[in-house]
Every structure is written in structure tokens, then in C-alpha cells.
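The first chain written gets the first letter, and so on, giving A, B and C; residue counts start at 1 in each chain.
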Amino acid sequence: MIKAGRAHNLLPRNQLSPLQKALNWLLLLLFFATMIIPMLNVLAVSFSPRLQSMQPGVILWPSQWTVNGYQTVWTRANLSRAFFNSSLVSLVGTAVQILLSSMAGYVLVQKNLPFRRALSLLILFTLMIPGDLTLISIYALNKQLGLLNSYQGLILNGLVSGFSILLMRNYFQSVPESLAESARIDKAGELRVFASIYLPLSLPGLASITFLEFVGKWNALMIPVTIISDPGLYTLPMVLRQLAFATDSTSGVDYIAPNAQMAAIVISVIPLIILYTFAQRFLIGGLTLGATKG
Amino acid sequence: MQISPRRPSSLLRRRLRQYRAIYLMILPVLVYFLIFSFYPLILGLVQSLQKERLLGTPQFIGLANYQSLLRDRNFLQALWNSLYIGSFSLVINIFTGMVLAVSLNELRSRAVKATVQTVTFLPYLFSWTVVGGVWVYVLSHNGLVNGMLDALGLDRISFFTVPAWGRPVMLFTNAWKQSGYFAVLLLASLVGIDPEVYEAAHIDGASRLQQIGRISLPMMLPTVKTLLLLGATGVLRNFDQVLIMSRPAIKDKVGSVLLFIYEQGILKMKIGLATSAAAVVLAATFLIALAVRRASRYEGSLYD
Amino acid sequence: MKKPGFKLLPLLLALVMALSLTGALAQTGGELKILTNVTGGKDDAEMVLFQEALGQAVGLTVTMEKPAANYGDVVMQKLGAGEVYDLIYLNAPQMFYLQEQGALTDLTDYVTASPILSDTAVIPADEWDQVKVDGRIYAGFNKTEVHRLVNINKAVAKAAGIDVDAIEPTLEGYYEVFKKMKEVGGEGFYGLNAVIKDAWDLQPWFASAGLKAGQVVAEDGSVSVPYASEEAIPVWEWLAKLYAEGLLDPDSLTGSSGDMRGKFNTGKTAVVVDWAAWTGLYNLNAGEAFPEQFEAYPLPGTQTPDGGYMLARGDASIWVVPANAANVEGAVKVLEFFATQEGGELLSLGIEGHDYNRDAEGKVIFTEVGLSHNKDHGAPFPVSRQYVDPIGFPPNVELAMSYLPHASIQHSDALTDMYRQIVAKYGTQIVNGTMSGAEGVAAMQEELKAEGVIK
């Protein structure tokens, strides 16, 4: 190998000192421990028998393993249909959203674009609008556009978020302009610059946002509840919410025990966790970015 | 070099034409916002100027809703609570996210890194109904935390019945739930850093800790600023957490403005009150965002 | 010879037949749209069956919509966007808000004209007071609202040597009961568990001073809050004593009703105050633990100074007819139906053929699906006082229901949740010892006056 001076071999490894490493570990352990408790609680309660699940407090291990909670959820709710609906809406929505948001983010990175600041502010502004202000208008709007009780309605509402646009802009800002310049000099069109330079170099950011947007769409409840009254179009959170909080009336006796409620929660979160474990490869940066060396 | 004078408007027109393709790329998004954000916003603002009447034609009453709102002591208290808790939450959450991101980045083993990252991110996926319920129990009189305090020989703390503890509890549980989310976004700006950069600093004699300070942190800074600005738009938006975790004794300190809107507006079918209060929230959020933008720009970065 | 009359006759006959047919069709062709939150099928398949059953019973085509969540929001959105419904499910307080805005149809004349609804043997006259504004009726009933009363765990009481029927109905009497049961209850067991944060279930204790829960409106329009009066101090101090001596579960100050129920049902509490219907549900939930380790037994609480009892009833769950309804007569027909035996069966047992079947003697046999619905499709206790329950109730529910005459409704208006918050805020401080009874009550009075709750 290159023996650029034996000094190279005498340098300590480029890491934190053992003490610092230990502290690092301790910190992460603390985070890990506190965060795993509620998850264990949800899991444990979901596998507990009906009466035992009513016990107050944080249960970390079922007194008796049973799938009674899951059975209740299964018989009470049409999960397969809801699962299909959620998947369709979230996948299509996220795909379109990422395309549009990243393009918009790219536009906001162009330094000399006239009205660039105004556009950014405009988009930022849309994030400030509280839901209560548009509560009734959103329903009326969807009605006018004929989007009630439809897949289009579920996909189009909340399709684009200023959050993703501005975050994509942020990640794009660390892409060196020189690359874009040289591509433009070579007569490359904007789309080409965008797709072949900016996107690949922002992959971790892009992946993170894609995943978070998917989660957001999957968990969306407020607007779907507003515009969907046909049970065949219910998304998974709607079905599970309906189940878990069926006892809304003041003195009804239709009671859903905690084990079924927690089972419903587990069922709604499992797809996201599975997706996350797959997406992690991008999120921890398994892909090296060769272009910077270019 | 001779600079031939041009009329400014034609210069602008030329630039607009030059960027035609670029504008097209952002057009769909703008159309979307026009239809789904701005149009409902206008409608909502109109409703705030009316006396609520769900059926039939509403009566225009101008700013009356706003006047009674701004004189309502409870509304103002709620607004202050939201501002206080929201601002501190944002700062604490981002800070914790940074610490977490840096810590994760320093881990060598990919398996451990993946596991820890997954677990710290998970609380974000659960709703406040679940998370809040667990924390209320953990912090309850006979719960885990008080159990530990007992074991250490200290007095028990009533976290939900002593007003002074209300805000700290909210801040802590909020950070606990959200920091994993911020860490994911911050980590994305760390993983792109070429390892050679660290090596070069190492050869120059910098310790790992110094490298973190001189390389990792600055690389995260733009994202931090973006997250601060984006977070500013949500400072007044605490609802689910407060709905689940508020208790009468601490409500004066933690009751948020969205909770006020829900209890005084939505539950009572008063759409005029709900929309006017929401408009006040919008205006306040706008001011906060402007302030944050100005403050972070002042740092002298290239960021817009 | 042409006889035009012969040709005319069949034509006339056909015409008459056609007319009578359309007449008959018109009766079965009417439509009715209902927006519901609780009443109805438990999932979409069952909802379709429910709609059909209801439709057949009233001779209309019924469509029922049941939002998945955020019911209040959805009602506002639908009405605000001009959607038309004939019936909307609400709780009584919400009815007042809508009536204020002129969004409801006045039903007084329809009710008086209806043989079923105006029959006081079916629906007592004073029930209608709950849905009257200025003497006019604006809603119909979904069910008979039950009351809350004391539930004691009889199994543990027996183990402590207490005869539940012989408990002295005073604060001291119950204090002794808590003490004795705590001795057998063991670690983590408490005598009483309440939900103080909602100030919801304290009526049986304040009965000892003759104080009614909530806001009390006098003839002259002035409003007082008995729980915040000087007479209330002894009761608050009793609660504080229970807390100090470890007989009141500290979680009473922070826990929800769900927590309270969980603890009671799993044997960690001696006494709670809960719905009469829950007495039965507790026993059902206990499964095998009933009745040896757990039995929920109902009691009327402490006695008032004049020897009676004082219990609280829940807010009525009702049906309103929006002002823009298309089919008001149809809506009233549905309300009438709910007040019949058949209607009561639909709203409690469920749909025949799906939730239950009848055997040769007409006895009701539940299917597995029906069993899991606990006889609650909106009205576990149907509105008609003449309703005969074909099955009978879960253990001890009849006894619990026998105390209904002692129960009255709490007044409810726009300031009710302000009342609740203020009482809970200072109540918490009194109970955990931060404030004395006198200080706490004084603070309550002051703030209630400042907020306009006390007039």
C-alpha cells in the first residue's frame, strides 16, 4: 500500500476515545430503553386475555398469551379491504408527491429565479393554515369537485406538502452548483439536470422524505373521515379507529377491551415498521455518493 | 465595458422567459395549493366574519368574533401556553434530534445502528392516544418514575396535579416522541459526508470529538435551520398531546389554543368562533415564522 | 254494432289499477337519510342489514351514514355544506347549540299528534323536559338514559366480613367499609376510586349533604353550584381524609374512567361509581372470576338529610330533525318505531336472523356475533317504559335499575364544561391536601363567579 510515511500507521484510529464511546453507548441505551417500554406495553397488552388486559398500568409481558384481541379485531372489522385501500392511496399519493415536491424543491434552489423568495414564502404559508379554519370548506370543496367517496379524493387531498418541498430544497442546496453548470453548458435540459444530478446526490434526504410522507399518508385520519362515508373505501386507520373507540356513547355497554384496542394499534403500525426496516438501507446511507469525487 | 441601458421590465420579461421550463416544474404544486389551501382559506376567513348558522344564510357581523375572542382571558392564556410550550418544544426536539443523529452516526456496527434508529423512531409512529396514555401511567402516583424516586429515598412527585410540573412534563414527553423523527432528517445530512473529509481532519491532528464539532455539526446546520423554520409553522399546533395528557390542575399552564378552539368552538358547533380563533393562530404563526426566518438569516448563511 | 263502452271499461279498469298501484308504491318509496354515531350495525355489512330492517319496519327506504371518527366535526361539515339529513344522532347538550342557531325542526306538534310518543306510559311526561327549549320539543329519544350509582365488589366485601345490604348509608359508614376492605385487599388495593378530573361521579357522596351535582338553575334564573358551597366542605374533607389515609386511589386525581373501570374489574378497588348498565358489564367481563373473586353489586350511596337518595343520570342521547330535512313525517315514524317493542329489540338485541334467532317457542337465541355485541345496537335500555326485555339482564343489573327513581338529570348548557374544570381543579387540590376544604371551596366560588357560571 502507499507508504506515505510510516507516521500513518502510528496515528490512532479515527474514533472516539473509549470513554467517549462508552458515554455514547450509554446515551443511546437510555434512549432505547425509554422508547421500547411503550412498544412492549402495546404488544404485551395486545396478546393478553380480555380481563387481564383491563389491568391498569404498564404491562410488559402477558400473564397468558392469547390472540383473543386480534380475533376480536378480525371479526369486527373488514381489514383486508381497508388494507388494500390504504396501500393504494398511500403508494400512489407518495409517488406523485415525491415527484412534484422534489421538482418544486429543485425550482426553489435556482438562485436567480425571479420571485423565488415569494414562492418560498407562499409555500411556507400553506403550512401555517390551521385545520379548524378550513374545516367546513374542505368538505364543501370536495363536494363541489366531486371527490367525495372516491379514491381520487383520498389521493388528491393532502397530495402535496410544503414540508417536503422545503426539505427537498434544503437537501438540494448541498449539491455543488458547478455540476449543474457544466451540465447546462453541455446543453442538458432542466429535467435532465434535475433527474441525473440533483436526485442521485440527495438520495438519503429523498429516501427519508419519501418514507415520512408515506407514513403521513398512511396514518391520515382527519380528511379521510370527512370525505369518506362509504365503508368500502375506509382506510385502515379509519376502520381501526372506529373499532377502538366504538364505545363513544355515554352509557353504552358495547365494550372493546384494551387487548383488542392494542391489537388494532399493532395491526396499523406493523406495515410501517416493516417498510421502515426496508427503507433503512437508504436512511443510514448504504449508498455512497461517488459523484462528489468526480 | 459599455453597459447598454435596458428598461427593467424587459429584463424581467427576458428572465421569465429564460426560466420558462423551471416555472413549469413548479406549476402543478402551485395549482394544488391554490385549490386545496388558498381557496378553503378564503372561505374559512369569510366564515370567521359571520355569526354561525350552520343551516340557512349566515349573518355578516364583521370583526365581532375577533373582538370577543381577544377579550377572552382563557383564549389569551391558551395562546400564551401554546407559544411557550411550542417554542421550547421545537428547540428541545431539534437539539435532542441532533444529539441522537450524531450519536448514531458514530456507531460502527450497522446492526446496532439500525436497531437503535428503528426503536427511537417508533414513538413517532404511535398516536398520542397510546403514547400519552402510557406516560400518564408511568408518571402517575404509583407509577414507574415515582417508584424509582421512592427507591432513591426521595419524595414522590405528583406530576399531573402540581401546576409547576405541567409544562416540563409536556416538553419532556414531546421531545421523547418527536426527536427520533428529527434525527432521521438530520442523519440524512450526515451520511452524505465523504469519510475522506474526516480522515483529512484526523491527519491534521483533530480528535474525533473535534471532528464532530468542525464537520458533523456544520453539515447539519442548514437542515437545522430548515427544520426550525418548518417547525415554526407548527409551534401553535399542539392538540393531540394536550387532549390526552391535560388534567384540570395543570390545564391553566398547558391548555393549548387548538384545544380551546375544539372545546369552545367545535364541540359547541360554533364555527364562527372556531374560524376566527384559527385565523388568529394563523396570523400569530406567520409572525413567528417571519421572526425565525429573520433570526436565522442573521447568522449570515446562504440559506434563503 | 260498435260498442265503445266495452273498450273504455278495460281501459278505465287498467287506469284505476295503475293509480292504486302507484299509490301503494308511493308509500314504500319514501326515502329517509340518517346520520348516526352509535346506533346501528357494528360494521358495514351489519349496517346494511340494520338499514333494511328499519326500512321495512317503517315502510321507507332508509340510508344510514356512520362516520368513522370525529363525529362532531363531521356533523358540522355536513350541515355547513348543505347536506340534507332527516335524522341526526346527538347528545342533549349539542342539541341546545344547534337549536340556538335555528338549525332544528320544532317537533312539539308531531309528538302530541303521535299516539305512541304522547303516551305517558311509554315515555313519561317529564322525560320530554330534557329536550325542550322554551316549552317546545326539539328532539326524540334514542334510549332510556340510565343513572350512575355505587358499585361495590361484593366478593371482596364478603371476605372482609361486610354484609353489603347492611352498610350504613353515611360517609362514616362507607369510610368503615373502605378501611375493612383495604385490610383484605392487599397491596395496591384501594377503597374508593373516582374520576375527579371530570367531576363526574361524586353525586352519591354529596347526597349526604343534599347537594346536587352540576349547575342548579333557580326559578328566578340565578345559577348556583352546590359542590362549591359551604355545605359541600364536609364532603370534600371526607375525600381528603380518604386520600390522606390511603383509602382513595391517588389515580383518582389523574386517571380516566377507563382506568377506573379496569382497576375495579380486576379487583384492585372496593367501590366505584358507574353506570347502572356497567354493573352488568363488569360482571360479564369478569368471566370466570365471577362471582367468587368478583361481583359488582349496586348500592344507592349515602342518604340525603330527608332520608332519600340522590343519583345522577347521564345526558340524553337523542335524535334531532334538522330544519332542512326532506322527510319530517318519516323521521317521526322512526322515532315512534324506536319507542315500540319491536324497535327496542332492534336497537338492543340487534337484527333477527343475524344477531339472534327465535326458536319454536319464540325464545331468543343469540348467535356468536350477537353475543359479542352485548345487546347494544344503540339502546341497551330502549326508550319505551313498556318495553319487555326478552332475555333479562346480566347479573345485578335489575337491582341497579331499581334505583332509577332516585336519579335526576344534571342541567347542561354552554358553561357546563367550565363548571367541571373549575370544580375539578380545586377539588384536586382539596383532596391531595394542598388546600383546605374551606379554601378550596372559596376559590371555586370565586372563579365560578368570574367565569359567569354562578349568576
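Everything below uses one rule, namely that a residue touches a chain if its C-beta (ideal position, glycine included) is under 8 Å from a C-beta of that chain, and two chains touch if they have at least 3 such contacts.
On a predicted model such as this, the values are computed, not experimentally measured, just so you know.
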Category of the chain touch graph - line, ring, star, complete, other: complete
Relative to chain A, chain with the most remote C-alpha centre: C
Two chains joined by the most C-beta pairs in contact, as defined above: A-B
Between chain A and chain B, centroid-to-centroid distance (C-alpha), Å: 16
Chain B and chain C: spacing of chain centres that average the CA atoms, whole Å: 40
Touching two or more other chains - residue numbers and ranges from chain A: 56, 135-136, 138, 140
Chain B, residues touching no fewer than two other chains: 137, 266, 271
Contacts with two or more other chains, residues of chain C listed in rising order: 73, 76, 80, 251, 255, 259
Contact footprint of chain C on chain A as seen in their complex: 50-52, 54-56, 72, 75-78, 135-136, 138-140, 143, 221-222, 224-226, 228-229, 231-232, 234, 238-239, 241-242, 245-246, 248-255, 257-258
Sites on chain B touched by chain A in the complex: 12, 15-16, 19, 21-23, 25-26, 28-30, 32-33, 35-41, 43-45, 47-48, 99-100, 103-104, 106-108, 110, 113-123, 125-127, 130-131, 134-135, 137-138, 143-144, 176, 180-181, 184-185, 187-192, 194, 198-199, 202-203, 207-209, 211, 219, 222-223, 226, 229-230, 233-234, 236-237, 258, 261-262, 265-266, 271, 274-275, 277-279, 281-282, 285-286, 289, 302-304
Footprint of chain B on chain C - complex, ascending: 72-73, 75-76, 79-80, 94, 97-98, 101-103, 188, 197, 250-251, 253-255, 259, 322-324, 414, 417, 421, 424-425, 427-429, 432
Residue ranges of chain B touching chain C (in the complex, touch as defined): 52-56, 136-137, 140-142, 158, 160-161, 247-249, 251-252, 263, 266-271
Chain B-touching residues of chain A, taken from the complex the two chains share: 11, 14-17, 20-21, 24, 27-28, 31-32, 34-39, 41-42, 56-58, 100-101, 103-104, 106-108, 110, 112-114, 116-117, 119-120, 122-138, 140-141, 145, 156-160, 162-163, 165-167, 169-171, 173-174, 189-191, 194, 201-202, 204-205, 207-209, 211-212, 215, 219, 265, 269, 272-273, 276-277, 280, 283-285, 289, 292-293
